[in-house]
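Below are two complexes that have subunit A in common, paired first with subunit B and then with subunit C.
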Partner chain A sequence: MNRRIIHLVFYILPLPVILASLFIGPSHTATLGSIMDLFLKNSDDSDLIKSIIFDVRLPRILLSFLVGGSLAISGCSIQAIFRNPLTDSYILGLSSGAAFGAALALAYAFLPVQLSAFIFGLMAVALSYFTARKNKNVSIVSLILSGIIVSGIFTALLTIVQFFSDPFKLQSIVHWTMGNLHNANWVKLRSSVIPITIGVFVIFVYRWRLNVLALGDDEAKTVGINPERDKIIILIAATLASSSAVAVAGIIGLYGLMVPHMIRMVTGPDNQKSIPLNFLFGGTFLLIIDDFSRTISSFEIPIGVFTMLLGAPFFIYLMKKTNIGWNS
Partner chain B sequence: MEQLNNAITVSNLSFSYNGSVILNDLNIDIKPGKLTFILGQNGSGKSTFLKVIAGLLVSQKGVIKILGNASDNLNFTDRSKLTGFLNQHHKAIFPFSVEDVVLTGRAGFIRYVPKEADKTASYNAMSKAGVLHLRNRNYTELSGGEQQMVMIARLLAQNPQILLLDEPTTHLDISNQSHVLSLLKQLVSEGMTIVAVMHDPNLAFLYGDDFLFMKNRKIIRADESMQAWDTDFLKTIYEGNIQSIPFNGRALLVPYLN
Partner chain C sequence: MLLSFSSAFTSCRQSVPNSTKSSSSVNVTDFRGVEITLPNPAKRIVCLIESALSGIYMLQAENQIIGISSGVYNESTFAQYAVLDERIKNKTLPAPGNWDFVNIESIVALRPDLVIIWASQTESIESIEKHGIPVYGVFLKSVNDVYKEIHDFGILTGRSQRADSLTNYTRNEINQLRSTINIEEIEKKNIYFMWTQGLLETAGTTSTVNELIELAGAKNSCTTSQEHVVINKERLLDWNPDIIVMWYNPLKSPEDIAKLSEIQHINAIKFNQVYELPSVFLCDLWTLKFPYAVKQLAKWCYPASTEGLNMNTEKQKMLVKLYGEKGEKLTK
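This part shows the complex of A and B:
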């Protein structure tokens, strides 16, 4: 019964948080009072306030929500198909791959940023997976270790791109790799909404099947599921969603690891229940973190800093709790 | 009709792994509606044989027909209606509830998400396997015997025509062994075909209808002239001295020391 109520709260939470976020920001013009005035009477500042609300805050709110939701839902599906509670797009090296791809496209404009992020994100996942694979088995620890290596490779490549970029582009690349939402605008939102929606939708469709896949390949095959095919579909969807998030918001580390575990505390491990909540709460929680990051000090702290600081204790706790063997 | 005579027909089956031959030119048929046990020494290829039949390993040569269907032509979904498989070990990572684990047995019937009919089938399967009281528990927190019963309930939810079980009783205590064996007997009496790899020949001889033996990469049955539990025959299968002691019209096997 208690769980039911929490469940319900998680479903309706996005709306009030999105609304409240409209009133939060460093501007002293667009405050709760002045926004209220806007609807009641035309003040002198009304154009400015409208602009702050609709061109600055609203796209940022929607983008934060979309990015948070896509990272969480991808993280949850990645954990299920790799049967590894200690992973997400960041640990797998996917984020670094996508960041490199996006930076390359930003610096040399040879491909659309989203597409380049997706291609290199997919490449990074494949590299992590095949590096970790031994005797057709991918252990929890080896996947984490190969993710570190792959992440390192793409971070190094990213540094090279930064070296060869002109100073103007360099600044934007550096800013954005730290995980940042403060450049949010309608253009970024438009560029990411379609790939994220497709990725999230595919994972949503496969939400129950993740339970079957999480039991292991033999256990899936013998009840009528083709695990290789399904995992590839889900992995491509997760890569599409999370690389698009990286392309617009940079590397938001450990967020996709942390949120699925928070949701499991409410729903249990059943992915049919947890997948929709991962998107909704993943979006809401990142929005709350972003609200903090833009009000806590006079300058903006990149959101990736917060998620790392929140996610790291989570990772350590899970590592102690989970029985991670080298071979299993 | 072939189905009427044999549940499974294996012709000229060979299987190698990493260059070493594990199954060599096997020919055997398995009768429907019977409890067939596969026996043999450790490492003789019993589990491999079962996994090839279940479609988890792909043989290099030979033809397997399952209820008249060529195994090579079956996709995973079609196969799941014909055969169900119980692994010797299953390591769970996420603490799914027993109910959720059993429900995954319905995957072959479920397009996206389970329907009420699937939940009912799972409920009945849990009830039949005697694990209904565990349905809200976490699978990972159960004892080995309980986990085995849950995986059997999952098979019942799947409801295939043939069950393939890899050592269903090996890690169980004696009360769970009798629990599993009496369930298997009941299923066979209701028309199910069951093929199980057994570690312990005594349990097999007590309750089986038919016995297959793996030896030297082949699979054999005792001649019509003798019983599977005859010492002379068993000495050709198991190395070392053994003695059989008559019991209930059959026999129990013990190691015999000079």
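This part shows the complex of A and C:
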């Protein structure tokens, strides 16, 4: 298919998917027919249906979209600045830091879970960064290595919290780490929308520089770019967006790694084009996955589980169908 | 050969320790289906389950306890156990493990003649049994399991008579309540049960909670056949429960739940019917104290027919009956 048409589809797709998602859900009261009736006549269930649509489904839909988009765009930008296709926003310890923060809050209730996850997620990334920094320089290998070590430390701390938790608290911690959108509401959406928007906006503004940074520091300097400064700005933006997403939705593993590759397979490696597409497709794809997650069974299955079960086959299909030179 | 090995292994599991039955020997089958034979009633018991420990105190066999779950020292029930046992109050009773982790070395060093532990802790059980220590595995799925557990503990501690007396008392309490509320005639209220983890975490039809709701003459909103389930908010709105009952929750109150904007249309919120069960110790569903929670549910569901039921009096009566003299101190 022509790439322009593909781009167009990716740009248009979010709107119909968001609208369609409003009509999808497990409720037997807010069915497609009853929602259509709502516009034509007033029924006894009008208030209930409105509540399901506007207080339950809409915040969850918008939150899913924002979370998916921010994880994908953060993953794409981090892969570009690290020049490493195997990294994502979790590589600097974000997920393990956030998981530890959430577990601590769930076990000891000293801070709201969301805030604690956000603070510890950021703290883990900062720790990775300053550990890797030497003589005012941060090499990519040191940064990834320190990220792995910091992840290990926070994972160990998480294990300690789990170890001392009673079964009830342990269950909450495990559920949180599996990723969840079932608790989505307007409060969560409001708390995450500003940091995610700031992070996404900065990455969007810097998208053309990602192409230059992906070539290497020396090449970037030859065109007048300060690679260290730009990398830090992009890293902070990506961390802000993804840590806000993790704080409200828990850990959705590998999403930030998988989606940028999907986009690259379909549209090519140009970051200037792929950055907005990552946000739009990342949001749309997670929304579709969540639509399955909230309708397929009578109980909630963690979104992190569905992301892998539905995302991985699609990823494998694209990997088989496209040829972008990974086999060489 | 494989079969004979397997049968040898099974027979070994059935009689730990391998001893001949004497007139004073006691014998029960635990929740794993494993037969446990002790030459005499146990005098040195390590009990790593908090609810089971409560049962042993009800049997007034506290002097036979030599080790408890570390959870007893950390959880909200510490204050009550401190009243029941000076050693717990002074933190001198060893805690060699809990529901998750067991320190085998500490258990062996205590030289117990019986260890009570969750049946799901299979690796720990295997390790303890390898040291020739008998293990009673617990797995509670229903009220009948609670009766079986106390009955078996009665045999194992040599206090069968007390166990039977407590079981009969509990059965009578439930029967009396059900006749008071005229269980066959009433229009059943719909209860949504909310676990501590959050609004959407509830108990399905295969849970002990479901049984308690039914004993109180009500019906469970959640029709999912799972013990513990995370549901979708839309389901909760569809079920439209008459009453929301929260398990004891140190973080949220019924007022917090009533303020949630997305559930304002359900009857429980509209008619201000959100309640929280009192302390975990008092309402422990996996002990003979469960009738207290059942009575509390019935009182919330059917206030007219349970008008004469004073929960404070019920609490005092139950604690004294179950824990004897120390029960009186618990009521203060």
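A few remarks follow.
To be clear about the criterion, the second predicted complex is superposed on the first by the 241 of 328 C-alpha atoms of A that agree within 3 Å, B and C clash if a C-alpha of one lies under 4 Å from a C-alpha of the other, contacts with A are read in each partner's own complex, and residues count from 1 in each chain.
We take it that a residue touches a chain if its C-beta (ideal position, glycine included) is under 8 Å from a C-beta of that chain, and two chains touch if they have at least 3 such contacts.
Since the structure is predicted, the reported quantities are computational estimates derived from the model, not experimental observations.
In the superposed model, A:H175 lies in contact with subunit C only, and not with subunit B.
Contacts of A:G216 after superposition: subunit B is touched, whereas subunit C is not reached. By the touch criterion defined above, A:D166 reaches subunit C but does not reach subunit B. By the document's definition of touching, of the two partners only subunit B reaches A:R207; subunit C does not. By the touch criterion defined above, A:D270 lies against subunit B but remains apart from subunit C after alignment on the C-alpha atoms of chain A. In the superposed model, A:R4 lies in contact with neither subunit B nor subunit C. Of the two partner chains placed by superposition, only subunit C is touched by A:W186; subunit B is not.
Residues common to the contacts of subunit A with subunit B and with subunit C across the two structures: none. Put simply, subunit C touches subunit A in their complex at residues 71, 74-75, 99-101, 195-200, 223-224, 226, 228-235, 237-238, 250-251, 260-262, 264-265. For subunit B in complex with subunit A, the residues that touch the partner chain are 54-56, 75-81, 83-85, 87, 90-97, 100-101, 103-110, 112-114, 154, 158. Contact residues on subunit A toward subunit B in their complex (touch as defined above): 80, 83-85, 205-209, 211-212, 214-216, 218-226, 268-270, 272, 328. Taken in their complex, subunit A has these residues touching subunit C: 25-30, 47-48, 51-52, 55-57, 109, 163-164, 166-168, 170-172, 175, 182-183, 185-186, 294, 298-300.
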